[in-house]
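Across the two complexes that follow, subunit A remains constant while its partner is subunit B and subsequently subunit C.
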Partner chain A sequence: MTKERRHVSCQLAVVGTGLAGFAAAVFAGNRALDTALTGNTGALAYTTGYLDLLGAMDGGGPPLDDPWQALQTLQATQPEHPLCRLSPASIHAAFTEFTSFLGSAGLNYSPPGRRNETVLTPVGTLKKTLCVPSTMAPGTTALTDKKPCLVVDFHGLKGFSARQVVANLGGSWPVLSAARLVFPGMEHGEIYPEVMARSLETAATRAHLAELLREVAGDVTTVGLPAILGIHRPDRVRAELEKLSGLRIFEIPTMPPAVPGIRLRELLEQVLPQRGTTLIPQQKIKTLSFEKDAVRLDLADNYGPIVIEAQAVILATGRFLSGGLAADPNGIREPLLDLPVSQPGSRADWFREGYTDRRGHPINRAGLSVDDSCRPLTAEGRPFDRRLFCAGIILANQDWIRSRCGAGVAIASAYRSVEQVRQLLGD
Partner chain B sequence: MEPSTSRFSEPAHDTVETDVLIVGGGMTGAGIMRDLALRGIHSTLIDRRDLCAGASGGNHGLLHSGARYVSNDRESAVQCRRENVLLRRLARRCIEPTGGLFVAIDGDDPDFAAAFPQWCSVAGIACELVTPDEARRLEPHLSERIIAAYRVDDATVDPFRLALQHVAHAGSLTGSSYRPHSDLIAFDHDNDQLTSAICRDSRTGALLRIRARQFVNAGGAWAGRIAQLAGCPDVHLRYSKGTLLISHDRLTNHVVNRLRPPADGDILVPGGTVSVLGTTSLRIDDPDLAVPTVAEVDRNIAEGAMMLPVLATTRYLRAFSRVRPLLPAGDDGDDRHAVRGFALYDHQGDGLTNFCTITGGKLTTFRLMAQQAADLVAARLGNTTSGRTDTTPLPEDDSCRWTEPGAAPRYWHLAGNRDDMVLCECEMVPQSAIDEIVRCAPGAEEEMTLEAIALRSRAGKGPCQGSFCGIRIASYLYDRGHYRDRTGLQHMRDFFNERFKGMRTVIRGPQAAQMELAEALHCGVLGLDALDDEDDRDPLTQRLETGATDD
Partner chain C sequence: MAAETPTPIPIINFKQQALQLLPDGASFDACLTCGLCSSGCPAAGIENMDPRKFIRMAMLGMNETLSTTPWIWCCTMCRRCQHVCPMSIDISQLVLLARSNWPNDRKPAGIVRSCTLIRSTDSTSAMGLPPEDFVFVVNDVLDEVRATQPAFAHLQAPIDKQGAHFFVNQNSREPMSEPDEMVPLWKILDLVGADWTYSSKGWAAENFCMFAGDEAAWYDVTRKRIEAVDDLGCSVWLNTECGHSYYALWNGINRFDLDVGFRLESLITYYARWIREGKLPVNSDWNRRAIKFTVQDPCMIVRKAYGESIAEDMRFVVRSLVGADNFIDMQPNRSANYCCGGGGGFLQAGMNEQRRSYGKRKFDQIQATGAAYVLTPCHNCHSQMEDLADAWHGDYHVVHFWTLICLSLGILGENERTYLGPDLLALLD
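What follows is the complex of A and B.
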């Protein structure tokens, strides 16, 4: 069987289907750029669903209530930080645009506010974030009001313990209790959040669960559940469960990879093509070459080789977990284009002695150095190519893990890159 | 000897009594505990951390045939040979009779290789010549550059299982007990006798007095310091740090030794599903400051790859360092040093009649060391029973079975209970194993840490190094009511910090991805790097917590 080479020609090619790549495709689509998006299944399924802007200052310090003010401090102390490549107003616009897109596609989020929200983690610690899925938002309200609340877990669901959530929150939220239920139709063995979520998309399971919840709730009117309220249209699943049970219900994220990430991925993979993006999912770009008339990207899927020709490229390939960076024994590399990677002097300096050291590990700050337009730089400090831009956590000079700014870096740099692409192509 | 009045004479703390207090829960201490129990003597074993926290839990796991020492220390070689034969018979379940190979490669001293069989024969050690081709057939990863090879009776030993079984057996014989996280900080004297030892609980800071008739210092590299506390200045040790690496896969079935005078990176030992490569040797000043460095890791790999090229590219799970105590060199005419390799000090010359120190030696010779120490202690107690560890098989205790690779999955499949969920997916450790360990493994206690559980099982030993199962096990312990407040979070953080120490120097290639995911979970999502902040900010939580630990 001979396989025919297929050609895709577009204005913008986005490499990577993490949050940065998807956000770039959303922004490009909204700006009527003809866009192709490719990427392997990425780290998106890992997120809790919370979209963080900035939850702590780089290098340690207490949790931040006001991320916007912290951005100003960051401007002064770390101008190289990717969040400093654009104004706070633009970042606000980027979050608004992205969450509105998700909302219009059926996944509602709280809009970016003036302050961070305090949200629950799977083990009952607290975390700061900017935008919260609507299915989880009532949890924040209940926490603030210290409402009597019941946390429910399920027999066979590993790694989510209501007693753990209650034990760890008990100090700051005294009227909290825990209960365990058998999930309808899943009496024995291990059960998985994704399977439970898909099951809750059927009316019968919802009715059954609502009844169980009503019984176990007693006098309590607010109930926290692990994040299992459907993959598609979770807001509707939650609303119906509330109606059937007469309870206020909210979700608590489970340990990733989990339902909230799967929701995002499935939604974006479904909606972007409907809105004109050429999506080539589950594939890795093998080579990327900068020719005179176009940037050429080579990849292959089950049906054979594909060539994408684009006028501009956004590289959003993530870090080690996603393959955007490689940690070779003699140094950190960027495998696709062998772009210079800003990094610690030697492997001995990658990690500090203490794992949870508040200052974070130097390796986390390694990555691609860019100019103000988010264009990766050569060793000489010049843009590698005027058509190449870069977005997401592959960028150097940030530690998204310690400063709780994963979505922030992804969304902000995607926004900036798309703006720059538009300018380039508009010229 | 001046009769010291202890700084700790106020009666504020609890007191327990025992016939013999053994300080140091390494293999030597555990061996003494069982040896005494077989003579009907009750003892208490303490460790400032936990069983095998010292060299016994961080060695190569090689039950030497003795061949390693034939060229430079015949006496040790002979001791190893004897002990190897005994232990294989008596502690069968803790030992894997893998056999060993000694291989010389192109460039190694051919005279050394030629003399080797003669040296072995003088020490009574079986040694069989094999051709390089035959050696490569036995171990396909061996280098093409092998010029000589011999086969010997090396074996491997699981020191954790061995120590746990010893403690369990001693407990069943005489009710002897083991106390973890009990740091010995002082002794009380009365003329030529020690009367009690003061220990500080390294978790709570609480003091405990242990009264005993005899005191044994089995403190390994720390034996000099412990002897000092008893007022005995003459245990002079120097410290040699050794660094080892654990590979993701079991690369050979035999122990593979380099056929040359002992040097860096010259032994690869299989252990369950992994292999252990090492070691380096570096003189250090403080036995508490032994952490592996990237340079040592690279050196082991470079040397090891000469014998087995696959070692250059294989994935390593972790690296760790431990300290060998070095005794004063050579025969200095002091008859306490009559046995080379290890030393038993009776401290009579220091004016004490109920304190002794045993240190040095090898894991392979722990039984012999324990026997000599126990002989002295028994004689001092007027107990005339002779030692029986050379004839009594080590019984199996169920609560210790979880350290064996493959035990948990075997059990889980046999039991076939779908509701008994697997918590550590790399090593297939189910909920029921955790229940059993928390309930009745040696050293089990309330609020057992994740580290202590991991030490008594395979949990956290697989490719993920506990990053994921640590979270699941903690959740499970909350479920079972074992944790009732934020202590479980702290234990989680401490466990991950501890595991990281071993991973830090070997993170490269795919491990960098795994580390990124682990850190995203532990710090990014759960906030374990900021627990203190959260606690500071929330005075109510703190009050509840202190309240909870008071009762």
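What follows is the complex of A and C.
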């Protein structure tokens, strides 16, 4: 049976649905650019939900309290870093625009402040981040105030241990205890945060859990739970659970597969099309070709082939985990367009000897080199095509894990790219 | 027909087979063991198995356990795992492989029986209703409508009409168990002036041979249905409100690389089109009490086939019917929706406890919307969600689209109200 080829024609095609791709679609939508978006599950699925701007300097050093100050330093020491492609004021504007969008869609975040917040990791250590989901923010307050607090985990839930959190935090949090509960209706076997979160979207489970929490909390009035407070409208789930239990409740991220990434994905996949984005969910672009009148992107979904024709493209395909970069015996490649990848001279140089070397490993700084407009460069140092822009952690000259700048790189470069697309199309 | 000593289940080498099954470049080796598949799979934990574990065990060569686990009949092959997997790994292919490997006398008897019945008559009906009985029931119901509903004294239900535009299929449950449920569909087709026909051959929608993993039988049924459409020279095979029948034919045609001279379409697409064109002048004025509705996206036509476009059409139809403010989407929805747990032959497999445990996820989704009604264009979803309301003590109702369309148009006959709850019935009195 011959399958009909479906056509999408748009001003901007965004390739990738990680934070960079989603943020680009948000910014483009706000600027009335007719946008198509496609991408599969990527690194975003594994996030804690915190939006980091810059938590540490590459090459080590203490956690950063003032990321804005640190950006100035970065400008001087690593001008090639993607966060140096735009001014701190623009980065601030980008974070504000993105978190306001999420808030207006029902997922509230703290707005970008002047200083980093100190937040809890899944194992109960502390880290610095810029924007915190509202479901997690009361944890930071409780930590600062040293409020007596109970951390609760659940039978059958892997990837989150209240005892581990308490053991790691005990030193900085004097009255802290751990308890384990049976989650309502999930007495047996392994249980997943996602499943618990969906169940908490029903009133019956909320009432039941609130009762269990009240019983176990005793005199303590603040309770930390793993991130399970609903996928959809988590702020409402938290508010209702607080009301029912009379407790102050906050979320602590868990190890993947975790709720915050699923929350972001499901929310954005639902809201963006409502605001005009053409979304082809969970699919990858197979080929990308630059023709005279348009950029052509070919892909297929279960139904059959699709062609997108766009005036400009933002490539936001992530790193190895998401398929934006691929490693083979000859080195690191960019599989879609075979763009030159800035990388160490040979495989032997990918890693330093010590796995925990504070300076990080050269392979983590590999990626695409771009010009000031976020356009990927050819080997000769010219833009590959004036219609191609690039955003996210696929960019070279950053080590997002070490410097805790994953969301920062994604959101800032998406903002910069969309600005440049607008200029290009406005010309 | 159970043999005295059950036939042993042959052992499959999953890893080797997977290499042949998967498209170039894809590989189960690529699995990151991230667990997103299991986290989002309603069958995870049933029979102590889940999709990530299945992949891991396949890679580790634990072929005996995988070849014999009854879990393969609890996985509905809904492909939600693949939808969320960063590597797009499709576990349902391994499950289908395992199913086809079970000897018939070991497979769930309900699924095997349905497949056998499908092949027992030219109707291709899983309930074994022969062509002459189908023709009789249709005419019988038609006569009664003409006699008792003056507005429809000239209603048509053509059978074997050569050259009709639409070849309309029908789930056997209607002619067999609730024939009056066919009437709303006929009224809609009449109202929009559709040129349509039933066929006495190959009219039935279901295809349990696919779920049985019986490739030869699936092929056979697919051929029979294609022939029936070609014999009448119809341009469009119109799938009525039954999800897997669409998928079984559409996927069968692709899988067996068959040539067909007609298009396959879903009735949902046409509902939306007819409403947009003003041919179906539905509105939500009747919903004075702001009764809330949600919608169930059948995996078989949304995630596994048409994707977002049909999901959007479905929502357009629902909003037009009940009012935008009275429609509450399930979470998650569209291509990310959960299977109801009635798919993949689960409803026919006789594993009720497991099926209801799977369906608890769907039940919670429905409860979270607070809706009084679930609309769905799929018989399996319909039956399963009704059963879940019973099993888990919900107070929602499940309705077909055709029922609500006719209700909105004020043409729903008295015998056509089986699925309405007291609140909707009260509106009609």
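Assume the second predicted complex is superposed on the first by the 427 of 427 C-alpha atoms of A that agree within 3 Å, B and C clash if a C-alpha of one lies under 4 Å from a C-alpha of the other, contacts with A are read in each partner's own complex, and residues count from 1 in each chain.
We adopt the following convention: a contact is a pair of C-beta atoms (placed from the backbone, for glycine too) under 8 Å apart; a residue touches a chain by one contact, two chains touch by 3 or more.
All of these numbers come straight from a predicted model, not from anything done at the bench.
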| item | value |
| --- | --- |
| Touched partner set for A:Pro256, first subunit B, second subunit C, both or neither | both |
| Touching partner for A:Ala204 - first (subunit B), second (subunit C), both, neither | second |
| Which of subunit B and subunit C A:His232 touches, first, second, both or neither | second |
| Subunit B versus subunit C as contact partner of A:Gly218, first or second or both or neither | neither |
| Touching partner for A:Leu321 - first (subunit B), second (subunit C), both, neither | both |
| Of subunit B and subunit C, the chain that contacts the larger number of subunit A residues | B |
| Partner chain(s) touched by A:Pro62 [first = subunit B, second = subunit C, both, neither] | first |
| Subunit B versus subunit C as contact partner of A:Pro193, first or second or both or neither | second |
| Which superposed partner A:Tyr46 touches (first subunit B, second subunit C, both, neither) | both |
| Which of subunit B and subunit C A:Leu126 touches, first, second, both or neither | first |
| Subunit A positions touched by subunit B in one structure and by subunit C in the second | 46, 188-190, 256, 321 |
| Residues of subunit A touching subunit B in the complex | 46, 48, 56, 62-63, 121-123, 125-127, 155-156, 158-161, 163-164, 167-168, 170-172, 188-190, 253, 255-256, 319-321, 323, 325-329, 346-348, 350-351, 353-358, 361, 363-364, 400-402, 404, 406 |
| Footprint of subunit A on subunit C - complex, ascending | 32, 34-36, 38-40, 44-45, 48, 50, 83-86, 88, 253-254, 258-260, 303-308, 329, 331-336, 360-361, 364-365, 367-368 |
| Residues of subunit A defined as touching subunit C within the complex | 1, 40-42, 45-46, 185, 188-195, 198-199, 201-205, 231-232, 256-257, 262, 266, 269-270, 273, 279-282, 284, 301-303, 321-322 |
| List of subunit B residues in touch with subunit A within their complex | 291, 293-295, 298, 418-419, 421-423, 471-472, 474-476, 478-479, 481, 483-486, 488-489, 493, 496-497, 499-501, 504-505, 507-509, 511-513, 515-517, 519-531, 533-534, 537-538, 540-545 |
